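Here subunit A shows up in two complexes: once beside subunit B, once beside subunit C.
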Partner chain A sequence: MIKILKIEFNNFRQYKHVTINFDQNCKNHLHILKATNGTGKTNFLNAVLWCLYADEKYLSDTSRALPIINESVVENSKAGDKLFVNVRMTICDEKNNIEFSRTQDFTVIEDPFKKNKNVIPGLCTFKIIITNLNDPNKNTVVYDDESYTLSIVKQYFDVEIFDYYFFNGENLENYFSTDANKTGKIKKSIYNLAQVTLLETAIDRVSKMAVEKSRKSNQGSSWEGFGYYRDLEQCKNDIINLTAANTQYEEENNENIKRLSEINETLNNIKPIKLQQESREKLVKRLKELEEQKESEIIKRNNFIIDYTIYLNYYPLIKSTLNTIYEKEKSGSLPPDIDKKLLQKILDDKITTCPVCSNTIDQNSVLAIKKMISNLDVDSKTSHKLMEIKAPLEDFVNKAENYPKERRALVASYDFLNSQIDECKEELDNISAFLSKVGTIDDINIPDLEAERNDLDQELTANKNSIAHNIAQIKIREDKIKKLEKLIEEYEKKKKYKDDLVDQVRIFRQLASAFEIVKTSIAEEIKLEIEEVAWDFFDSMIWKTQTFGRLEINDDYIVSVYNINGKETIGSMSATELMALAYSFTFAIHKASGKNCPLIIDSPLGRVSDDNRINMANELLKVSKHKQIIMLFTPDEYSEDVRNLYDKEAGSVRDIKLSEDESEILEVGV
Partner chain B sequence: MPISNKIIDRINKLNADTELKKVMFKILEAEDRGIHWYKDEYEKYVKEYLKQEKEREA
Partner chain C sequence: MNEEKSRMTLKISAQNRELIYQLVAKKTLGFNSLSTKEIFKYASALGLNKPSNLKNSDTYVRVDYLHTSDKALLITTKLGKAKTIAQIDEYCNIEHSYVEAEKCANTGFKILKEKVDAAKGDEELLANRLLIELETLYQTNVKSTL
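Moving on, here comes the complex of A and B:
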């Protein structure tokens, strides 16, 4: 149970310095405060509301125009004085003492003409001090940050349903509003207190996460990887086949070389043939060298073509630039080391000694300088630049002009090599022709051997070419494999990322669904609980046992009461019945919220008819055994039958007494 | 404010594995703390859950 322990007022309207303690050692938790109209009954409620929400919710229009500070305090102060209003309410739950304290500063000002005093509001501060009762040192924590204080107030006295904690018996219609804004607030507040809102937020957020992850997981094709794997497999198979083919070629070549060696050995052992054999070997060696030289010449020729493509392209432009430099040089329009400005200065200042060579400048020198100046058409800087590039341009032009000569030399060298290769081949052919015609010597068929050797040679060359070709193909595939492996690595990363996302979507959906089940069941249970509790209270408070059949709360938290014939009856209920229903709904909301908060009621029986007053007073007394109720009565409302009951049974009964000038509450006492 | 016994009870009675229920409690506790940048936090919980799920399957 949550109970108000103490309320302290300082300078709040009539409550100048008043402290009300609510005795905790009573047989019940019912506390009565009595006050005649205008003595601060409603301001008591407003002081608590102001303390919690900085808003006097039940303020009349006349009071709203006045400052909250006690008038006599202002009157007894001087201009410039600093005053304050403070209301402190201390409550306790099972674990903590919680003090809510709001202070509003004021500065006194005085009208110099009218001589009356007024106040300017200053800083308004709100703090909550929580003392853990289970802590042996009773350490306190002070909260003054708005984000925390609002949240703490919401946990105990949610402003959205403030009139269900601070009940105003004169405004019953407030409790049966079908205004969606009002009923929505009740639902929202109960959902907040019962943490259904927490579940709703969780559902909303996990659902959003599921959608977001699902969208991400659907981005990009998931088929691209299949192509990479297929190509990789193909490349690997190709390499295996090409390698196997090369192995076969190499084996064949080894056999061929072995056989060639045998043939050569056989032929070398035949004396008349030996000479030819030796010549042949030399020629083969020479032919190999020539072929290598030819390869190198081909490379040289390619480089020559690349180089001269550049030289010949730029030749006309560079030649023209160089010619321009030559012309300017010849016409003397390029200044030497002497700057044109310096020469002009010699003439302008009529200098008689040359600053360069220190010779005397006579009339002839002046004429020479004038001529020189008229010839110079670029400045020294440009001239120096042109002279700087002249030598490289000359080199370039010389090289370009050397093209025909170099080309001729290259062609000649290439032709010479080709002729030597042809000669070698011819000589080899001659030897081969000779050996093919020799016939049988020492039982060896030389033409057959020669023919076989030629075949073997051809096969060797063909195999070598095939091996080289296959090696090139293997290299191409190896490069492709490297690229494919990179692509596959990236694809696998993407795939893993996508798979992870799909897994996350699955879990987020499971979570949303699980939270939804919990939320629906709790929301339904709360609604049923409110219906049940409200009906129990209502049924016990009302004397017409055969009139009402059931109570229902719809999804928007609008209350309906049906008579025993199933007809909705709220519209035809008496004020007493409406009051009973309002209390029942209030108690049910308190119970469903899970927090047994105190209830302050202004005019608790004001609208209740005399016949039913004692019955309802008894029911409220019963409730106060398990819930703190503070009632604010006028003497008329506190009728004899109620007084007889509450004076005897209530935890405390006090009068609020006002001073004669009505400027302050003198005491709140028995 | 701690998570209410009603919610704890309902979650415990759900037909779901214990680890998923733990994730639910973590999310509710984070929401109760007033978490603003929730996405990274939620993702962390779910990834941890998936990691444990894979370990269990292995």
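Moving on, here comes the complex of A and C:
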């Protein structure tokens, strides 16, 4: 149970210096404050509301109200005096003492025309001091930051439903509003207290995260990786096939070489063609040498093509650049070819003999060197750059202009080599042609052998070419595999990231769904609990037993009461019945909030008459066994039958008395 | 030379790397024995008159590997087109020339691919065609100016 222990007032309207303690050791936590109209009943409520919310919510007309500071205090002060208003309310729950304290500073001013005093509001401060009752040292924590204080106040007396803590019996219609704004606040506040809002926030958050992660996981194609794997597999298979093909070519060539060797040996042993055979061996050897030379010539030719493509294409630009340099040189805008570092070294090392001409470096020479270095410093970077590139560019020009000579030499050498190769081949063809016609010697068919030899030769060359081609293809695929493996590595990283995102999306969606179920379940349970508790209270307070059938609260927290025939009755209920219903709903909200907060009621029985008063008074007394209730009565409202009950049973009964000049509460005494 | 230090590499379009792989693997025009800077200069010379923007640029030649003569050649890519003193000063910043040379090489690789494809793997045919083109180039660019 949460109870108000003490309320202290300082200069708050007529509550100049008043402290009210609420007795804790009583069987019923019911406290009565009696006051005639205009004494300060409503201002008691307003003081507490101002302390908690900085707002006197039951003030009839804020714009035309006096300042909250006690009028006599202002009148008895001087212009420039600093005054203050303070209200402190101390409550306790099972664990803590919590003190809410609001102070408003004022400065007194004097109106020179009206000749009266007024106040200018200054700083308004609010702090909450929490003392842990379980802490043996009773250490306190002070909160004065609004972000904390608002949250603490919300936990105990949520401003959205303040009138369910500080009950105004004269304003009953307020409790059965069908205004969505009002009922929405009840719902919001109950949801807050029951942590349903927390669940709603969680649902919203995890849903958004699910959407965000789902969006990320859908970015980019998830199929791209399949292409990489397929290409990788293809490349690997190609390499296997190409390698196998080369192995076969090599095996064939080995066989061919072996057979060629046998044929040559056979032909070499046939005397009539021995000469041709020897010639052919020499020619083959020569042809091999020539083809090797041709390889080297091809390299030279390729280099020539590459180099002269560069020189001849760039030639116009090189010439143009050189012309710029020559013009600048001619106009004297380029620096002389001087080694600036060497000049600086001569000065730094105080060299006395010139390292270039061996002349003596005297004082005049030193001055001349210094001047030269200074002049070099002011030359532009452009000039230096131009000087730097001049020689290489001239070299390019020379090479380009030397093109015809270089080309002639290359072509001559290449053509000569080709003619020698052609001659060799021709002679070999002649030998082959001769052998093809020579007929059979020593039972050996020479033309057949020669034909076989030619076929084997051709096959050898073809196989060698195929092997070379396959090796090149293998190299291309090996390079591609390296690239694909890198791509696959990146793809797998991305895929893992995406898979993780998909997992997270699934979890977030499950969470959102689970939270939604929990939220709906709690919300429904709370509503049912409020319905049940409100009905129990209502049923016990109402003397009619054959009229009302049930109480219902819809999803918007609008209360309806149905008679035993199932018809809505709230619009035709008496003031007493409405009051009973308002209390019932209030107690039900308190219960659903999970915190058994105190209830301060202004005019608790004001709208209730006759026998019902004592009936309701009795019911409220029963409630006060487990809940602190502070009631503010007028003497008329505190009628004899109520007095007979409460004077005996209440924890305290006090009269609020004004001073004779009506400027302040004189005492709040028993 | 601070402006040169800011640049670490010369770039080519990523797609041209595949072409270079092919040419190196097939030893076309002796590409297998050429350095990256030689290949780059050759491509830039081929596309010198039609620079084009790179797509998905990829690093290719380390600037550290360029000698003074290489830089002298590449700087003319821009400097050789300078018409005013202000342009000469501006184009002496080799960064401009590197960017231009990259664009020229980009076109150059396309031209080279067309020539290689047209020769259909016949190295001798390709070389002969290129030699004929050199002759024309000499006549047009050099001999006519002598």
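Throughout what follows, the second predicted complex is superposed on the first by the 477 of 670 C-alpha atoms of A that agree within 3 Å, B and C clash if a C-alpha of one lies under 4 Å from a C-alpha of the other, contacts with A are read in each partner's own complex, and residues count from 1 in each chain.
Definition applied: contacts are C-beta pairs under 8 Å (C-beta built on N, C-alpha and C of every residue); 3 or more make two chains touch, one makes a residue touch a chain.
Keep in mind it's a predicted model, so treat the numbers as computed, not measured.
By the touch criterion defined above, A:Val356 reaches neither subunit B nor subunit C.
Contacts of A:Val141 after superposition: neither subunit B nor subunit C is touched. When the shared chain is aligned, subunit C comes close enough to touch A:Ile318, but subunit B does not.
When the two structures are aligned on the shared chain, A:Gln195 is found in touch with subunit B, with no touch to subunit C. Applying the stated contact rule after C-alpha superposition, one finds that A:Ile306 touches subunit C and leaves subunit B untouched. The larger set of touched subunit A residues comes from C, when the choice is between subunit B and subunit C. In the superposition on chain A, A:Leu386 contacts subunit C only, with no contact to subunit B. In the superposition on chain A, A:Gly594 contacts subunit B only, with no contact to subunit C. Counting contacts as defined above, no subunit A residue meets subunit B in one complex and subunit C in the other.
Interface of subunit A with subunit C (complex): residues 298-299, 301-303, 305-306, 308-310, 312-321, 324, 380-382, 385-386, 388-389, 392-393, 395-396, 400-401, 403-404, 407, 472-473, 475-476, 479. On subunit C, the positions that touch subunit A within their shared complex are 21-22, 25-27, 29-30, 33-34, 38, 41-42, 45-46, 48, 68-69, 71-73, 75-77, 79-82, 88-89, 92, 94, 123, 127, 130-131, 133-135, 137-138, 141-142, 145-146.
On subunit B, the positions that touch subunit A within their shared complex are 1, 3-4, 6-7, 10-11, 14, 16, 20-21, 23-24, 27-28, 31-32, 34, 38-39, 42-43, 46-47, 49-50. Contact residues on subunit A toward subunit B in their complex (touch as defined above): 147, 151, 155, 194-195, 198-199, 201-202, 205-206, 209, 500, 503-504, 507-508, 510-511, 514-515, 517-518, 521-522, 525, 594.
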